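Both complexes below contain chain A, partnered by chain B and then by chain C.
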Partner chain A sequence: MNALIFTTILGIIILYLGLTKNKTILAPTAIAGLLVTLFLSFKDWGLSSSFFHEMVIFDNFSVAFNISMIIITIVIFLFGVDYYKMMELHVAEQYSLMIFALVGAFLMTSFSNLIMLFLGIEILSIPLYILAGGKKFSFKSNEASFKYFMLGSFATAFFLFGIALVYGASATFYLPEIKTYIAQFHGNLPPMLLIGLLFIIIGVAFKVAVAPFHFWSPDVYEGSPTLVTAFMATVVKTAGFAAFYRLLGIGLLPLPVPLEKALWVMTGLTLLIGNLVALKQSNFKRLLAYSSIAHSGFIMLAMLSQHSSSASVILYYTFVYSVATVPLFIIFILVKRASNGHDHIAAFQGLYKKKPWIAVFMTILLMSMAGIPPTAGFLAKYQVFVLSISQGYLAISIFAILMAIVGIYYYFNVVREVFTDRDHLEPLVITKLNAGIIIVCGVAVVVMGIFVWHLPI
Partner chain B sequence: MIVLVILLIPFITGLLLLLIRNAATIKLMALASAIVNLAATLSLAFSTQASSSYSVSWINFLDINFALGYDGTSLIMLSLTSLLFPFIIMAGMKREQEHPGLLYALILFTQSALIGVFLAQNAFLFYIFWELTLIPLYFILLLWGGEGRRNITFKFFIYTLTGSLFLLFGIIYLYSLTPGLHTTDFSVFSQLNIPANTQVWLFWVLFIAFAIKMPVFPFHTWQPSTYTMAPTQGVMILAGVMTKMGIYGALRFLFPIIPAGVLYWQNTVIILSLIGVIYASVIAFRQTNLKTLIAFSSMAHISLMVAAMFVLNYYALQGLLFQVLSHGITIVALFYVVMLIEEKTGTLELPKMGGIKLLAPYMAILFLLIVLGSVALPLTAGFVGEFLIITGLFQQSIWFALFGGFTMVLGAIYMLYAYQRVMLGEKRPDLENITDLKRIDYIVLIPLITLILVLGIYPQPVFNLVETSVNTMQNLLVPVADVLPSLPL
Partner chain C sequence: MVEQIPNINLAWLVPAFPLLGFLVTGLANRKLKHNQAGIIASAMVLLSFLVSVVLFFILRASGQNEATVTLFNWISISGMNIPFALLIDHLSLTMMLIVTGVGALIHIYSIGYMHDDERVNSFFAQMNLFTFSMLLLVMGANYLVLFIGWEGVGLCSYLLIGFWFKNPEYNYAARKAFVMNRIGDLGFILGIILLFFTFKTVTFSEIFVQASGFQVGAPVITLITILLLVGAVGKSAQIPLFTWLPDAMAGPTPVSALIHAATMVTAGIYMIARSSILYNLAPLTLNIIIVIGLATAIIAALIGLKQNDIKKVLAYSTVSQLGYMFLALGLGAYSAGVFHVTTHSFFKALLFLGAGSVIHAMGGEQDIRKMGGLRKKMPLTYFTFLAATLAISGIPPFSGFFSKDLILSKAFEHSIILYILALGGALITCFYMFRLLYLVFFGEQRLAGAHPHEAPKVMTIPLIILSVLSVFGGFLNIPSLFNGDSEFITFLQTAVVSKASEELSHSTEIGLILGSLLLLGLVIFLAYRTFVSKSIIPAKDGEPMPFFSKLIANRFYIDEMYTTVFEKPFGYLSDFFYNKVENSLLDPVVDEIGFTTSRVGTLLRKLQQGNMSFYLFAMVAGILLFIIFILIV
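Moving on, here comes the complex of A and B:
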């Protein structure tokens, strides 16, 4: 709870710091503040305290997810130092909006009451609608913001409607009480409750871009400023899945059969659409958007396997995925700058001639995304498959493995570009800080593949 | 402990090479590491002590150990790997190569990963190393390959990874079947009593990865183009050691773990392999590119080895393990000569060559000896292996032996025909300034040819080495033979 309060104050402080017109202090202050938040979160580990009549519960699950999101945000802010150098106005707003979104994310990992989940989702989303439109004079950025806002509001409406229906049936917003209420029907749910739950799931599925509610994500990813895209692809996704797991895994287990069936269909569709459409993408941001949809499919697989270690596997998966995704976006931004705004994957051509070490680390990061040993991405997928296969979901596991092969195809398509020669090489400038971030993340991906962790959450 | 040393020497040397700039030093260091490794491996092969092993716990909650060890089969594979890598490294000596530090580091990383595959004592570790062999090799092919490498390496990479992921599924499935606290140890896997009808489908899930690596018809389509495009050292690793990795994987996974599945599909696989023998031989005959021709000839020989593996009687198994060694040595020597020919003539197209014997008589003689080893002439190593294999096939069915025998007949035809077109005939005006072998070429070729001949004349030490594992493997299938008629399919 301290972490949540402190983060809120931090956001406001940064906002006011913007008045000083001194850009250089923003990122260091934000990062220092986040480090304090990190420390506060660590102190909450193992305490499991609840607030507001148990509407929010800070247990190990939420603390672990919060820590992972804070770390990723710090990495993103570190890159922000360079990214916002060119930007004259409103830099403080960018940082504080992201911090506010993080506050929403904290609520999403710790709710125990549907109203709190709603609050969390809204606090997370509204800053993002603004951030997506960060490039005021870019047509695509405006489109992204507008699209995200429209579809997001629509999903919110579904979500609220769902909450209302569930409340109408069960007369409570509390997850544990809803769970007991559901249990008394022995799988034969009244239609109102069923539709309510389905609507809630749709609302959350929209946030994590699970098919068939994924249509916004490629356009929004493509149009938004790339740093914001990186934030959406990592922190927002982690928060979304934490909320999803809290809702389904902790809140509603065992799932009623019709819901479970619907979720399995969504998983299959997500895997299929994410991977197959990614094959045809030549725009790197869109490629990562579809790949992120595909990763959602694997996380869904872990979630639906309904095993006691699912939570830890999801945490590991999202964290490893985020640690690899952020530096990939960073490399992309730098390469795009050097090639005059080219965002085709061919922009990576000749990278190994220009910066061999960056090329090596980029390969490691892509290997992790594709799930090839000895990277952490492999261990993440391995754990997911161990869950799903040992729980007996053989057919969908085989299907997921086929889709993982497709994934390897498009990730290595990028690797191939990195190691392809090009006659005309533009100079590529990489500051020491940026190179440091890329290298630390690349090493982290390998180290986490060797020292695999498993948290009791 | 010594197994850990064998695994780490190439890896650490590889890391060091990345820091060195002088090309000659790099190559010497790589060679020194490979020779030390060879000595260490031979000390394992000829030691009388109980086998060395190493194990530490790695990922506790998944119950995965970093466990290394070996038996007779892995020892053959290890010896082959350690034996070939000095020659593979020497193939680049006294030659100009781009970025030698990176190239030799990658070669040594591949060696380390290959050794890991042969030493791994649980399926998880096996899988990690299995994939790790691919990554450095992929970059060797991508960065030093010939024409069309961009797309060909990509196809090779995706093709082999596809197989691997099925293997991964199989491993996790087996893992989920293990009792109590799950584990991926081979020793536990081999004691699972998997229902026969499960084994029937599980067979393909596991086999497909190995079939692609070897390659078995019809999973071979990546092979000819990859071999043709690959740099010499890459193709030596691919043909000399990687193919054997497929065979090793099949021996490790299929026979002990799913014997009923093996028996069920036995004839199917043998027939596929024999189709591969004939198919590859016929296509080899029609090739005009020397490297592609040898690629297909390698496929024919490997197919015969796969057939032998699935016949699973005493002679065939002995022949198989012997042939693993002999084929590895022969194919590396062959590709070395191919490289020499390409260097001297600037082409690999058979119609553009001829009369080289008149200009380079010593090369012609050594090449002839290798070709004779490859076509399994008596007194060469190839003969011992293939003779045993065909004897084994004969015990199963006369038809198998007949078609298997085509490797030798057709092999003799296309190899000697190719030899004739390259070496014999009139002097060609455009090939006037060909020189004969240099000292480094003798240093590489003479030991390889000596090995081919020595193993052909006195093969007994190898048989002693593999005796126990052949007996174990042979006994694996006997108890399940009764289960078979009850299969549902």
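Moving on, here comes the complex of A and C:
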């Protein structure tokens, strides 16, 4: 709880620091503040404290996810130093909005009451609607913001409607009580409750871009400022899945059969659409958008294979995925800058000649995304498959493995570009800090691939 | 629960040193200057040797017979738990001391021998990796760790045999060694799988405890032992998988010494000795081993009679000696087999290093018909070579006498025919070894223009140490006949369960020894008369010779037979699969899968038009479909 309150105050402080017109103090202050948050979160480990009549519970699950999101946000902010150098106005707002989104994310990992989940999702989403439109004079950015807002509101409406229906049936917002209420029907739920639960699930599924509610994500990912895209693809996705797991894994699973089947259909569709459409993308941001959809499919698989280790596997998966995704976006931004805003994957051509080490680390990161040993991405997928196979979901596991193989193709399309020569090489400037971020993340991916960790959450 | 022996955990250092050496010499390949790689590599193996000696005394002081050192939990999946553990017992200690001790001498010798090679750094990196793999092989506490070492040894032998890869023939030899070994490895891995399937574990101690629940001759045990035997036959170059070893001479001479004496070929013997409890339950397999071992011993010895390449003679002698070790294993006298491994490692390393010294002196010439008279030019090499020749021929009191005599007496206990055949092989061995000695060191120098000279100290000192070992190594195990108490065999008894056998009476034993000595003396005299007094030089290649000689000189046409029976049909089959199955069937199908996937991607992509009203429509449609779905399911 201290972490949440402190982060909120941090966001306000950063907002007011913007008045000083001194951009250089923003990132250091924000990072220092996040380090404090990190420390406060660590202190919460093992306490499992609850607040507001148990509407929010900071247990190990939420602390672990919060820590992983704080770390990723710090990495994003570290790059922000360079990214926002060109930007004249409203830099403070960028940082503080991301911090506010983080506050929403904290709430999403720790709710025990549907209203808190709703609040969390909205606190997370509204800053993102603004951030997506961060480039005020870019048509695409505005389009992204508008689309995200429209579709997001639509999903929120369904989500709220779902909560209302569930409340109408069960007269409670508390997850444990809803679970006991459902249990008394022995699978034959009244339609009102069933549809209410479906709407709630769809509301969250929209946030994590699960098919067929994924349509917003490629357009929004493409149009948003790239750093915001990186934030969406990592922190927002982690928060979404933490909330999803809290809702289902900790809260409601085992669900009534029809709902569980619906979730399996979503998983299958997500794996299929994410991976197959990614094959055809030549825009790097759209490619990562679809890859992010595909990863959602694998995480869904882990979540639906109900087991005590699911939470740990999801945490490992989202963290490993985020650690690989952020530096990929960073490299992309730098390369794009050097090639006059070219955001085709061909922009990576000649990277190996210009910066061989960056190219090598980029390959490692992409290998992790594709799930090739000895990177952490492999172990993440491996754990998911072990989990789902051990729980007896053989057919969908085989399907997911096939889709993971398809994934290798489009990631290595990028690797191919990295190692393709180009005649005229634009100079590529990479500051020491940025190179450091990329290298640390690359090394982390390999180290986590060798020393796999599990948390008791 | 056995009490943990203090300091036994040092065991991990034994394989760690050569691994470190490999990493340093391998990674700093281009940075290391003259001799540095050789010194580092030798020092690492020497350090492992010292640690092995320390371990020996630690184990001895503890009064226990074995200790397991678990490094980390390697594979842990439901129902399968395989630790990465090392087993320190008398058998593995013996092998460790041989591998590191003889290995260190070979490494030191190589500093001089490989002095002028431009890829000397890679050479030492690979030698260290070889030693590391072999140590893992003999130290592993379960079949899987053993298998890592097993495969590592196979890989390194490939690299080192083909070390001078610019010569296509050498590459061919390397490939042949690798492929032959792979055939054996297949059997071995199937054996491990069957072991796991039967016992649900691959750890030695657990398997051997469970094995006591099986009856003698249980089919599954017989099958396991046969599969493991296939692996051993490949690695230890027995009939029918022995043809790679003579070809493996393509590598630099120290490599041959390493492969033949300290590592690699002894792996099969070690593995069977390690599994002695299983083999005791499979009399059928033991009989197969007797047949294979004896046949290999005699055929290889016969081939050795007509070889004219100094290293080839030694190679066939190795194959033949390995046959004796197999014979010992087949007779259930596993410790005797391991004892022969030990003495053999001394004198065979010495023979190869001596041969290297000769080749070095002759400027790369390996044909013994062109040598001669080196006795005076290289006295040190001569005397050490003589010691090794006496040892391998089994002349008392040289080391080979004790180990070979032990095997012969075991054969005699089993059956007189076995004894006669084995003795025959020993006599042939004696003949071709003295033929080699006389042709190289006696008579006149036949190669004009060569100026043989003694090798530098870095090469001769290992020769001297090895010759001391070859001469006195047999005293490790003095039989009761000579008032000894068979120390070596007793030492191994805790790790290896040999079959009980009746002791021969001392009078019989003395009779046998005197008889064989008489025959050996006769053979040496015969060889002397042929090659020194009459100074007959073996015929040049291509000259007509009697049928039987020709058969032997051409190695019984076994290589040619393999070419016709296996290589050519496989070639045709491979062509067929490539042209018909691969190109016209599999390729198009695989391509089509890719194209279809890609087409589906294009199709799905069309959904994403950027039109928001369509997105909203799709979302609502999705929600409606899901509502219908959950209501009807």
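The rule is short, and it goes like this: the second predicted complex is superposed on the first by the 457 of 457 C-alpha atoms of A that agree within 3 Å, B and C clash if a C-alpha of one lies under 4 Å from a C-alpha of the other, contacts with A are read in each partner's own complex, and residues count from 1 in each chain.
Just so we're on the same page, a residue touches a chain if its C-beta (ideal position, glycine included) is under 8 Å from a C-beta of that chain, and two chains touch if they have at least 3 such contacts.
In this text, all values refer to a predicted model and were calculated from it rather than measured experimentally.
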* When the two structures are superposed on chain A, do chain B and chain C clash or fit side by side? -> clash
* Asked: After lining up the shared chain so the two structures overlap, which partner does A:372 touch, if you call chain B first and chain C second: first, second, both or neither?
  -> first
* Tell me which partner A:440 touches in the superposition: chain B (first), chain C (second), both or neither. => neither
* In the superposed arrangement, which partner chain does A:346 touch: chain B (first), chain C (second), both, or neither? -> neither
* To do: For A:273, decide between first (touching chain B), second (touching chain C), both and neither.
  => second
* Would you sort A:390 into first (chain B), second (chain C), both or neither based on which partner it touches? => both
* Partner chain in contact with A:262 - chain B first, chain C second, else both or neither -> second
* Structure fact -> The clashing stretch of chain B against chain C, among 153-161, 261-269, 405-413 or 423-431, is 405-413
* To do: Would you tell me the residues on chain A in contact with chain B in one complex that are also in contact with chain C in the other?
  => 386, 390
* Give every residue of chain A touching chain C within the complex, in rising order. => 146-147, 150-151, 154-155, 158, 191, 194-195, 198-199, 202, 206, 212-213, 215-216, 218-219, 257-259, 261-262, 265, 272-273, 276-280, 386, 390, 406
* In the complex of these two chains, what residues of chain A are touching chain B? -> 309, 367, 372-374, 378-379, 382-383, 385-386, 389-390, 394, 397-398, 401-402, 404-405, 408-409, 412-413, 416, 419-420, 452, 454
* What residues of chain B sit close enough to touch chain A in their complex? -> 59-62, 127-128, 131-132, 135, 139, 142-143, 150, 154, 157-158, 161-162, 165-166, 168-169, 172-173, 175-176, 182
* Asked: Which chain C residues qualify as touching chain A in the complex?
  -> 77-78, 597-598, 600-602, 604-605, 607-608, 610, 612, 615-616, 618-619, 622-623, 626-627, 629-631, 633
